[in-house]
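A, B, C, D and E label the chains in the order they appear, each numbered from 1.
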Amino acid sequence: MTTTTKPDAVTAVPIENSLTAGRLPAPAPWIILGAAIGVGAAIFGVLALAGNEFNWGGAIIVGALLYIPSIWLFSMLVEGRRRAMDRLVTALVTGAFVLAMIPLISLTITVVTYGLARFDAEFFNSSMRNVTGEGGGALHAIVGTLLITGAAAVISIPIGLMTSIYLVEYGRGRLARGITFLVDVMTGIPSIVAGLFAYALFSIFLGPGTRTGIAGSVALAVLMIPVVVRSSEEMLRLVPNELREAAYALGVPKWLTIVKVVLPTSIAGITTGITLAVARVIGETAPLLIAAGFTASMNYNLFDGRMSSLPVFVYTQYANQGNPPEAYLDRAWAAALTLILIVMALNLIARLVARFFAPKFGR
Amino acid sequence: MSKRIEVKDLNVYYSKFLAVEGVSLEIEPRSVTAFIGPSGCGKSTFLRTLNRMHEVIPGARVEGEVLIDGNNLYDADVDPVLVRRQVGMVFQRPNPFPTMSIKENVLAGVKLNNSRISKSDADELLEKSLRGANLWNEVKDRLDRPGSGLSGGQQQRLCIARAIAVSPEVILMDEPCSALDPISTLAIEDLIEEMKQQYTIVIVTHNMQQASRVSDKTAFFNIAGTGKPGNLIEYDDTTTIFSNPSVQATEDYVSGRFG
Amino acid sequence: MSTTAAIKAKQRPGDRVFSGSAVFAGSMILVTLAAVAIFLIVQSIPAFFADSEDASILPANFWAYVGPLVFGTVWAATLALIMAIPVSIGIALFISHYAPRRLASVLGYIVDLLAAVPSVVFGLWGIGVLAPAVQPLYSWLVDNLGWFPLFGGPVSGTGRTILTAGIVLAVMVLPIMTAICREVFLQTPVLHEEAALALGATRWEMIRTAVLPFGRSGIISASVLGLGRALGETMAVAMVLSASGAVTFQLLTSVNPSTIAANIALSFPEAYGMNVNVLIATGLILFVVTFAVNAFARWIVSRRKEFSGAN
Amino acid sequence: AANEGGAAPEESASTLSGNLVGAGASSQDAAQQSWIAGFQTANPDVTIDYDPSGSGAGRETFLEGASDFAGSDRAFNDEELAAGGFARCAPDSTIVELPLYISPIAVIFNVEGVDTLNLDAATIAGIFAGTITKWNDPAIAATNPDATLPDLAITPVHRSDDSGTTENFTEYLGAAAPDVWTYEADGVWPFEGGEAAQGTSGVVDAVTNGTGTIGYADASRAGDLGTVAVQVGDEFVSYSPEAAAAIVDASPFAEGRAEGDLAIELDRTSTEAGVYPVVLVSYLIACGTYAETENVELVTSYLSYIASPEGQDAAAADAGSAPISDTLREQITAAIDSIS
Amino acid sequence: MSKRIEVKDLNVYYSKFLAVEGVSLEIEPRSVTAFIGPSGCGKSTFLRTLNRMHEVIPGARVEGEVLIDGNNLYDADVDPVLVRRQVGMVFQRPNPFPTMSIKENVLAGVKLNNSRISKSDADELLEKSLRGANLWNEVKDRLDRPGSGLSGGQQQRLCIARAIAVSPEVILMDEPCSALDPISTLAIEDLIEEMKQQYTIVIVTHNMQQASRVSDKTAFFNIAGTGKPGNLIEYDDTTTIFSNPSVQATEDYVSGRFG
């Protein structure tokens, strides 16, 4: 092996150089970021002089936009193409994250500030029965949401999980391909169609026009199953075959291998997927409006009578405001806040479960 | 009780690719048989057909017969799970269960099968298996730590401990020592020596010394070229294979004058 | 020690039950879908042959009615995914490979929370916060870049355009896409990451050579789920979008195409007679559209299956 | 819930009990909630659910027999009546349609410094049809000499959903300015153009959040927005409950209808003094004769409550509707009494 | 050009666990150095500190200095990427990129630095590297097939080919042959012999014969007990270590009379 055949770029790194050669000093990115935001502020400062209000958000966004090419440029000049690319991607990835935080923070602030107005005891111990104007609460909707979503989860988690197990562990050939295909089709069911379907289905059994909580649950389950299947399938596929083989070689039957090795290994991902699926449907409005209807009173029975849910409550409070409108809007926001808190709690529980079962990876 | 293994004219496929062709051999109970041969010649593939692990791979299949004490493993109504309980296996790469502690890993074969075992029995089995794999001293203080936190060699010994904990009749080992230091290797070799009183052992190894040290019989596999199937070239007593093989290729291989 | 006869034991019941129930669950999906499909098709058939005489909402025939809606649905979803895919991959990477560990799990949790926000609230936020905030930007774009076809005027006075709807959709699909990408990226085998690093790869190069290829099918799955949601999202689009049924690529005007799902939500309450069938038939079309996109994604994944990370 | 199941007011003489289900127009939802609250308070053992699923859905639901009564922004038309098939009603029964919810539609706008504008029908139609595009257009300036009108683009906002409000509004434009507004009255906005928003709330939000916006919405939701006084004859009339009730009184009932079917044909072009022609009339619809008698008493007493002055005042307070006039009330009461 | 490596009083930690303690040694350029020692004594851990791969593990850190031609790897401003380009590594477990073909795998490192490499240069480098790793003949017909479809040994040789394709100055090998058959092992050993004309090579091995065959110097690591840190016991010429070690533990270990 001779040096002459080495690729150019390798020899381009001069051996005599200290290993620190050609690096931007550690604080450089921060200095550049500060400068970029300074420039952004200057631009908007000039605009402010021209009579516009000084726009902090704009200054920071322009600054961030300036930072990305400038860090790339500086790094390109000092550190070369590859480091520059790395820094560019770091800036972009961080930027993507910050960008996504903007709507989140904006939403959170909106929901919390508006939602706190009616986030009081009455809101949680009253329904809307006989309430017009101010007062009232969403207890009926909270109970309804928990019951309807709970039932939807009870229907779809076993079906979804077992289906993904089938697809990953057993499925070969036609049936598996068919089911994969159908799950794909199922992701395409618009939520409102799911609502129409559930409504039509229960009309057959319980007479025309009936609206019940369970019909809402079925509608949500139709929406939830494909999400559960897809995400669990993805997670199950990530379990290395080595582990399955290790279990088989110990004479463990396939189903026990799945239950005791495959599922625990992927439980973190699966719970995340399930929480996401629950979160996905718990906020559905349109299908519940159609299938479960709307009531102002308490109803604890999934199988009889209309049942309110939080999204429907939010929607009707917003859409059909009476006098004074603020009372309706406040209730709508408070209900939205409640819904988010419920999902937050669910998420926390799922995380605890996941942490408890998660694989303990050392090295 | 150990088992006699008889293989009759076995062809092993990955989908359409014939990986191993026309192997016939007999493995005596209470003996150690070593498989040697160059990389890629199908040793692992063939070994995995002996406890029906081969069919776990999608598209993989087998033609021919493998008889264990006269019963064909590949008969239609044979339960592969029972086969694997009697024919244990240790893999080339250590693969402890990441969700389990060291202790749970060792007892996995017992616990995963939902067998009930008393705590004292479990502890005894645990210690016995770990000692057998020469790992007890290193891990006895951290039995509840995850098994995946161990070094490569420690992990492999953990896998050996796990395999012997279910007391199979036959133990297949696919290069079990390739990640071990000499001391652990020696311990495993001693263990093999000891186990052969009771079990039938088949071991794949790249280490000629190891093959000659531990095995009673040796099978040499070779491959004519890439894409060609592997073949069993010679199968005989280990001493014969290493001192006086009847095929030239074998002699070249064991003496390191190959190719 | 068991005797040799034990080898011949029959299939174990546990396996039977378990695989049986797995097959059953799969079949349940089949049955559900068949039921939905039958419902949709039976309800839709009359609509396909209806004209404006039979159904008052039809301009001429069914296809003339659904055409612009299909366009709007695909267009809005495309806009959403164009924004959401890079951003969600970015966030997922940030959480899995850039942020310090402790911070990362908190961040992951926060992003997951976005998934919890009900679509109605996204709608409210879109109308009340987002649209007014972006309207000045839209005015600026139309004034200064109006020559660019997408930015043609006249600018919407309220900011409730298809681009705003696209942004809302993007934010809505972000959490689910991010979560899946993140899980997949976290599963990249350390072995492969180290292999790349040891070759002298920078962090980005390591991600490019080891993480992204490994997560490819996961990214596509995530996108497909996101797309399904974007295509089918009802309430938020209905509330945010100023929809007039036009077929146009212009992003910033008041005249925007509507989407199928939003259109159902908007028209269903007042629909009667054949109009109901027409709307359900548009639902069937949405099905078909989503499926076509899905099939395409599947095809991409399967094309290089043997190179997948999962072996 | 704390507000439920409490001891019934002791003095409550009500013997009514049961469950009544209605569905339909969302326009009258706020009023319905107020009526339901009033009625349930007086009759603690009664539960009434009103599903604001939309007029069309409400009529379908009623047809299928899944509800006891319907709320609808329009009466059943002649063909639908001829087709019949009302599942809850006795065979051959007629249906009772009562114009119990009258709401003025306000034309609302958001222009800085302008609180009210006087506009004639042709100008309003021109604005919504997109032919008048600036706030300082001569047509607007002509009727508003005192207002300072900016040189600002007009963004007309209409409902994106199918709605009775749109139908009534476009019907008014078509009737009062047939030269400018050449479209047929319809619940769906008839052409592409202008800004679309979902529901009354959506329109109000769009108008509020935009600049130079104008729209139409239930008057009760006009809030602080500027509103238009509409030209009737020679004067400009701002919306008011009285003016809205007045146009209903000034309009004839539809012809050829069964007894108790009080469908109204609004006279949008009326030049009578003090009428406000842009109104929405929403009906409560019940069977003339129910097939099963168990809920009849409940239906009639609920409808009677709605028609009563207290009921109408409650809705006026909670939903901003216009109480019906006493003349109309007499006719309605007669119709309710005919229900069996 | 090869590099001299100087390690000064190095402590290596996994979070709070001190895995290797107080190692000081000097590695000459153009030489082969072997690390031997029982499993778990920290050979891999120490090896990984020589190209800053150690810090890839969350919580892992290092105290002390590693000088390469006088430059401390662990200086504040040092770019680990640059370090790793000059100090290549082959791992204990073969880790080809599963999503890449064999060809792409070999060229992976080169492409990073020189994405516009001409096709003929690439093909030449590909063949040279694969031949160097003794894999060319086996894979030359399926260069576009996935690298993960190879057998364990083939995969490891693929990884060696990948590492030598970027022509680093120093090559670290962590039990590179533990999954190889004797023929491939021999080829790799020849390769090491050849490469040492130019490069500095450090190899971890469990195989005493291999250590004595290929290395100029040998470092023996040992560990006092579980949970204790590993130490460098003796570092000397290979012949000295194997024939006349100055420490008893070394003698016990190399002669197989350990423990």
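Please note the rule applied: contacts are C-beta pairs under 8 Å (C-beta built on N, C-alpha and C of every residue); 3 or more make two chains touch, one makes a residue touch a chain.
Here the structure is a predicted model, which means the values were calculated and not measured.
Visitor: Need the graph distance between chain B and chain D over the touch network, please.
Guide: 2
Visitor: So using the touch definition from the top, which pair is joined by more C-beta contacts, C-D or A-C?
Guide: When the contacts at C-D and A-C are counted, A-C has more.
Visitor: Rounded to a whole Å, what is the gap between the Cα centroids of chain D and chain E?
Guide: Once rounded, the distance between the two centres reads 83 Å.
Visitor: So how far apart, in whole Å, are chain A and chain E when each is placed at the average of its C-alpha atoms?
Guide: The computed centroid separation for chain A versus chain E comes out at 43 Å.
Visitor: Using mean CA coordinates as chain centres, what's the chain B-chain C distance in Å?
Guide: 48
Visitor: I need the residues of chain D touching at least two other chains; which ones are they?
Guide: 26, 53
Visitor: Show the residues in chain C shared as contacts by 2 or more other chains, in ascending order.
Guide: Counting only residues that touch two or more other chains, chain C contributes 12, 15, 128, 202, 205, 265, 268, 310-311.
Visitor: Can you list the residues of chain B that touch 2 or more other chains?
Guide: As it turns out, chain B has residues touching two or more other chains at 81-82, 86, 93, 150-151.
Visitor: Within the complex, which stretch of chain D touches chain C?
Guide: Checking each residue of chain D against chain C gives 26, 53-57, 59-60, 153, 155, 157, 160-164, 186-189, 192-198, 202, 205-206, 209-213.
Visitor: Quick check: in the complex, which residue numbers of chain D touch chain A?
Guide: Result: residues 1-4, 19, 21, 26, 29-31, 33-34, 36-37, 40-41, 47, 49-53, 61, 64-67, 87, 199-201, 220-221, 223, 314, 317-320 of chain D touch chain A.
Visitor: In their complex, what parts of chain B are in touch with chain E?
Guide: Chain B residues touching chain E: 36-40, 44, 92-93, 137-139, 141-142, 150-154, 157, 175, 178-186, 206-208, 226-227, 253, 256, 258-259.
Visitor: Could you list, by residue number, the parts of chain C that touch chain E in their complex?
Guide: For chain C paired with chain E, touching residues are 101, 189, 191-202, 205, 209-210, 213-214, 216, 304, 306-311.
Visitor: In their complex, what parts of chain E are in touch with chain A?
Guide: That would be residues 1, 3, 57, 68-69, 71, 73, 75-79, 81-83, 85-86, 110, 112-114, 117, 121, 124-125, 128, 132, 164, 166-167, 169, 194-195, 198 of chain E.
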